[in-house]
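In what comes next, subunit A is part of two complexes: it sits with subunit B in the first one and with subunit C in the second one.
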Partner chain A sequence: MSEGEKKQLDLKRREMPKQPPEVRRYNFSEVALGYTPELAIEEAKRCIQCKKPSCIANCPVEINIPGFLKKVAEGDFVGGIRVLKDKNCLPAVCGRVCPQEEQCEKTCVFHKKGGQIAIGRIERFLADWEAQQSESEMPDMPPRSGRKVAIVGGGPAGLTVAGDLIKFGHEVTVFEALHKMGGVLVYGIPEFRLPKAIVNREVEYLRKLGVELVTDFVVGKTRTIDSILEEYDAVFVGSGAGLPWFMEIPGENLNGVYSANEYLTRLNLMKGFLFPKYHTPVKSHRKVAVVGGGNVAMDCARSALRLGAESRIIYRRSREELPARLEEVENAEEEGVIFDFLTLPLRYIGDENGWVKAIECQKMELGEPDASGRRKPIPIEGSEVIYPLDAVVCAIGNSPNPLIGATTPGLKIGKKGNIEADEKTGATSREKIWAGGDVVTGAATVILAMGAGRFAARSIHEYLSSL
Partner chain B sequence: MFRVIASKMIVPNMHLLTLAAPAVAREAKPGQFVILRAEEEGERVPLSLSDWDAQSGTITVVFMSIGSTTGRLALLAPGASIPTVVGPLGNATEIENYGTVVCVCGCYGIGSIFPIARALKRKGNRIITIMEARSSYLFYWDERLEAISDKMIHITRDGSKGHRGHAGRLPEILRGLEEPVDRIIANGCTFLMKRTSDETRPLGIKTMVSLNPIMIDGTGMCGVCRVTVGSVTRFACVHGPDFDAHQVDWEELLQRRKTYMQEEVVPLRTSRCEERHLRSQEKSHE
Partner chain C sequence: MNLNSVSQILDFAIEKEEEAAQFYRNLAAKMGQQHVGEVFESFAREEMEHKAKLLAVRQGNMTLIDSQRVTDLKIGDHLVEVVLSPDLDYKQALIVAMKAEKAAFQLYQGLASSTDDANLKGILLTLAKEEARHKLRFEIEYEENFLREN
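Let's look at the complex of A and B:
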C-alpha cells in the first residue's frame, strides 16, 4: 500500500487451493497446491508492515518476515526469496511443515480478528516460484576460513548448520546414516505433505554452495566422533529422535504391528507405495488403526487411507488435546480418517499365524489437568471394546537415538537419553562438539530443530573464528 | 557408489560378493553386518560380514540368492557398482578365551562364522567347527575353516559327507567329543539356529546365535527387527545381532520373518522387461 493512502484493513486470509478430499485420498500427490502469483501478492499486500513486528521474534530462525512480504507485495519475487534465504536455507520445506499458527502467524496483529497473514503460504509460494526459474541465485560467499566442520545427521538441524557455516566461509561435511539426505523430511513426512523432490531441491542447493554430503555413513559405527575430530575442527550432532517407543502391551510383536517410523520409512524413503517398481514391500491392509494423536499419527493414518485401507486414529484424550496441527487433523477428517477419541489400547489380539486381527481398547474420560496442562485421561471400568483390524501403527513418539552417546566418551547424556546441550548455543559437555534438534530436545518439530541449528552454527562460527 | 571387486557363485545358489567399502573395512569386527542396496529403487538388506581387508579396503559377504534383491546382487559383475554399503552395523561377537568353542554353521552362516572362529582361535580357544548342509556339494570354505579349526565335523541330510541328519545330531556329536564344550556359537538360517538352541539347552552349554530378522535402516530407527529375548523386546540391529540362544523367542522370530512372504514373490513374477518399460515411462514423465 502506498504511503498516505488510507485503506480499509483487509482481514480476509486468501485460501490456498487444495486437491479435493475425495480425489486426494486416493493419491500420494501433494494435498495443497500452493498460491498463484496473484494470490500471493494479494495476501502479502495485506501486511501492514508493523514498525515493531512481533512475527520475527516468534520465528525460530528469525526470518525478516515483513521484509519478504513487502517484496512479494511489490511483485519482486527475486527480492523476496533473497530476504527469505538470508535466514532460511529450507524455505520450501518450512513453508509446508512449520506450525506457523503457533509461531509467526500467532503474533500477527491481525490474529485476534482471525485475519493473520498467511506467512507460511507465501513462504512456500516464493520457494516454489524460485524452483521454477531456470537458475536459482547463489549468495555471495565470503573467503574460505580453512576450518572444517563435520555434521552428524542430514536432517533439518544438520542441514541448517551446514547452510549457515558454509556461508560463514567454513568447510562443511554432512554425514548421513541413510542413503538419502533429509532425515525425517525424507523418511518421515509423506509425499502428499512434503514432496521429496522439494527436499532434494533444497539439498542440491546446499551441494551447490559447496557442502560435502556423505550418505550411507553411520557416525558411531562407520567412524566415531573422536576419530572425526582428528580431521575436523568441530562437530555438530543432529542425529534426531530415531528410537521408536512402543506401548509395551501384549501382542505388540505380532505381524502387522508397526512403529510409525517403520510404516512411514517403507512408504517415504523406500517408496513402498510404488512396489514392485521400488523393491521394498508394503502390505495391502484392509483396516488400519493408528495409535497416537500427533502429526506423525495423522501422517500414518492418511497414508493408510491412500493405500486403500479403512483408517482410524485411536487417541486416549479428546479432539481438543490432539497434539497434531489443526490443519492436519482437518485434512485427515475431510479425507475420511475415523477418530476414536478417549480410547486406550490394552492389547493386540493375534490369529493362529501370528498376525494381528483385533485390538482391545478401553474407553476413557477426562479428569483434572496433568503435568502437561492437558486433562488427564482416566479409564472407565467395564468399557472395553474390541475393534477388528489387520494392522496397527504405533505413533506414540520417539527417543533420541543412543548411538552417539554410547560411542562418544565424556559426552553428557540426560535422563531421557538426550544429549545435554546449552539451549542458546548448542554447546555440549565436550569441547568441539555441539548438538541440536531432536537428539537434544526429544521429538519436536522441523523448525525447532532448524532454530537450534541456527544458534549452534553461530556458536561454532564464533569458536572457529577464535582459533 | 560402491564398486564390486569380485562376485561368484561358490556353491549352487550361494554367492560371494566382494565390494570396495574402505570405511566399513577399517572398522569391521567379527559378527557385524552391513546393509546393501542393489540399485536406486532397491530395498535395504542386511548381510553378515564374512571377511574384510582394511588394507585393500574391501569387504566380503556370502548370501543365498533367495528373493528379488539377493537375486539382483547375485547378478552383479566385477566392475559394477551398487548405491549403498553401510556399516559395520550391530555389535561385534564377544571374543574371549572361553576354552573350547564349537562353531555350528550352515548355509550363509558358514561364511559369517569364519571371521568369528578366526578371532576366537587367535584369542587362544580350541575351535571345533560343525558344518551342516543338505548335501556335501553345498559346503564351501572348508579349507579356510579347517586352517583355523582344531577339528572339523560335517553333517549332511543325505549322508554324503560326515554324519547323516541335521542339527538334531548335535547332542550325540557333542557327547562324542573328548573334551567339555565351554561355548557354542551358531550362525546360519533361523531353523539351524533354533534347532541348535533346542538341542543345547538341556546340555546347559551357553549358546550364542546371530539373529537375522527383517531390517530397514539397521540403526535402531524403525524397530521392525524386534525380537523377544528373555521376555524383553530387543532390536536385533542395535542390541544384537548376537543373543543368548536359550533366551530367544524362536516362534516369534520365525513368524515375523514371514511377514512379507507373499509380497516377496511379486517381483519374481514380474518380468524385468515390464520393469524396464515402467522405468523408461518414468524417465519421460520426469
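Let's look at the complex of A and C:
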C-alpha cells in the first residue's frame, strides 16, 4: 500500500456473540455463537495483508492466513474455505479450540495494540458457513499410489495424517479404539466448547475423501503393530495420552473421586447428561472440586456446574499461572465456578460407606523465582482447611497408554511413557513406524498434534515415494 | 553403630549411599518397562556420585560446606507410599526417591539431636542438609513433570 493509499487502521476486534452466563450455565449448548457473515467480513477487512506475514509462521499447520482472510473480506467464502482446507482438514475444530492467542494472533502486527485480527473466529465462521451449504467442495484427487498406510488412533494427529496422505494418493486406514472417531475431540472436549456434530462432520469429510475408518479396534490388543505391518507399508501412531494421573494422596480410591478422563468421557462420549435418551447416566453431585488449572480442569468444573453442582477449582498456584486459556478461565468465572488459588489437596476424607465427603487442603505461598523465573508454591504451616463435598475430579494431566510400547519390540519409549520420535519428521526408532501428537509430547493442544501429524505425513509420503 | 568421631560418621554415610545405590539397582533390575529401569539406574548413579563426594571428604580432598538453607517444597510429604512392584512408572519412581531422601534426612537429623558434641552435631546436620538437597532435586523433577497443571 503506497503512502497515498494509506487507510485508517481499524484496531477494534469484532466481538463474537455468546450465550449469556446466566443462561449457558444451565445447558450444554455451545457457549460461543459464531460470527455472522457481516461480522466476519468486517473483521477480515481489518487485515492489512502484510508482505511477510508472521501469522503463518506461527501456525503449526502453516495455513495461508492472509489468503483466506482476503477471500472473506471480498465476500468470497467458497474461495476462503478452499484456501483454509488446503492446509487444515479440521477447520471447524481448530476455529474453536486452537489457542490462537498464543500462536497466529500473538504475532499479528496489531497485537501490541490489542487489536490482533480474530483469525480463529473467522476460521470458525468459514467452516460453519461451508457446513450450511448443501454440499462441500471436494478437492481434485491424484492417482492412487498403491501404497497402504495404517493410522493408530482417530484423534487430531491421526486424522490430519489421514487427510494429508489420502490427498497424496495413498490408501489410508484409521484404527480407533473407541466406538467413535475423534479421540480427545469426542471424549474430552465438552459439547459446550466443541459440538460433536462438528467433529462428526469433519470426520465424514475424510470418509468422503476415501479414508477407511475402523472403530472398536485396539491396536496392541486386537492386533499388534507388527501384525498390521504385514499388510501395510507404514504405520503412524497417534494414540494420544489417555492414561490419567492422580495426586497419589490418601483417599483417591474412595467412590466419587474421578479422573478427568472418566468424568468427561461419561459426559461427552457417553452423553451422561442426556439420560434417559442415552442409557449411561452420571451421578448427580451437589459439591464438586476439580483439582488442576488447565483447560481440562475448566471443562470439568464447567460441566459439573451444568449438572447442577456447586463447582470449585483447586489450584496450587495463583491465577496468573493458570495454564488454561484465559478465555476459558473468564467463561468459568462468569458462569460461577469458584476458584481456590494457592491451595494444595492433602487427602480425601470418606464416609462410612466409602464415598468421599470432604477434602483437606493446605494453603500455599509463592517462593522465590527459580532458574526458569517461575515461583514455586511452598506450603504454609497450620493453614489446613477442610471443604465438604461429594465428588472430586482430578485434572492434573495424562501420559500415553503403555500398550503400544509394551507390544512393539524395538520402539523406543521415553521415561514418561511417551514414544520417542523425531520432532521434524515423526520418525521413531523402528523402520516403517512414525508417531506424533500427545503420544510423543504428552498431553498438549489439538493444533500441536495436528502440526506433528502434518510433518509425519510429509515424511511418510517421502518414504512411500522412495519405494 | 558407633558414631563417636567424624571419621565414623563419614564411614556410616558412605555405607548408606552405597546401600541406596544398591536399592535402586535392585529395583532397576526388576522393572518390567525398560525406560523405568533406566530411571532407577540413573538414581543409582546419583547415589554413587554422593558416595564419591563423601569419600573425597574423608580423604581430605574436599570439605562439606554447610551452605544456604534448603527449600522444602514438601511435595513428597503427603503422597502415599508406593508399593514396590515390577509395574512402577516414572512418577512412582520419583515418589520412591523423594520418600527415601526424606527418610535419610530424618535419620541424620535424629542422630544430630542425640549427640551433645558440637563438632559431631555439625557434621550430622550438614549431612542432613545434603539429603534435603537431594530430596529437593527430586521434588523439582516431580513438580516439573507431574504438577504442571496444578
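Note that in this section the second predicted complex is superposed on the first by the 457 of 467 C-alpha atoms of A that agree within 3 Å, B and C clash if a C-alpha of one lies under 4 Å from a C-alpha of the other, contacts with A are read in each partner's own complex, and residues count from 1 in each chain.
Throughout what follows, contacts are C-beta pairs under 8 Å (C-beta built on N, C-alpha and C of every residue); 3 or more make two chains touch, one makes a residue touch a chain.
Computed from a prediction, not measured in an experiment: that's the story for all the values here.
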With the two structures laid over each other on chain A, which partner does A:37 touch: subunit B (first), subunit C (second), both, or neither? neither
Which partner chains sit in contact with A:397 here, subunit B, subunit C, both or neither? Use first/second/both/neither. second
Please work out whether A:146 is in contact with subunit B alone, subunit C alone, both, or neither, and reply first, second, both or neither. neither
Quick check for you: in the superposed arrangement, does A:20 touch first (subunit B), second (subunit C), both or neither? neither
May I ask you to decide whether A:308 touches subunit B, subunit C, both, or neither, giving the answer as first, second, both or neither? neither
What is the contact status of A:409 with respect to subunit B (first) and subunit C (second): first, second, both, or neither? neither
Partner chain(s) touched by A:296 [first = subunit B, second = subunit C, both, neither]: second
Tell me the contact category for A:354 with respect to subunit B and subunit C: first, second, both or neither. first
The shared contact residues of subunit A with subunit B and subunit C are 248, 252, 402
What does subunit A use to touch subunit B in their complex? 177-179, 187, 215-218, 221-223, 242-244, 246, 248, 252-253, 255-256, 258-259, 261-262, 265-266, 270-271, 275-283, 353-354, 401-403
Could you list, by residue number, the parts of subunit B that touch subunit A in their complex? 23-24, 26-27, 37-38, 41-44, 68-69, 83-89, 216-224, 226-228, 233, 238, 251-252, 255-256, 258-260, 263-264, 266-267, 270, 275, 278-279, 282
Quick check: in the complex, which residue numbers of subunit A touch subunit C? 245, 247-250, 252, 291-294, 296-297, 315-317, 323, 344, 346-347, 367, 370, 376-379, 395-397, 399, 402, 405-406, 413-417
Enumerate the contact residues on subunit C facing subunit A in the complex. 33-36, 38-39, 71-74, 78-80, 89-92, 95, 140, 143, 145-150
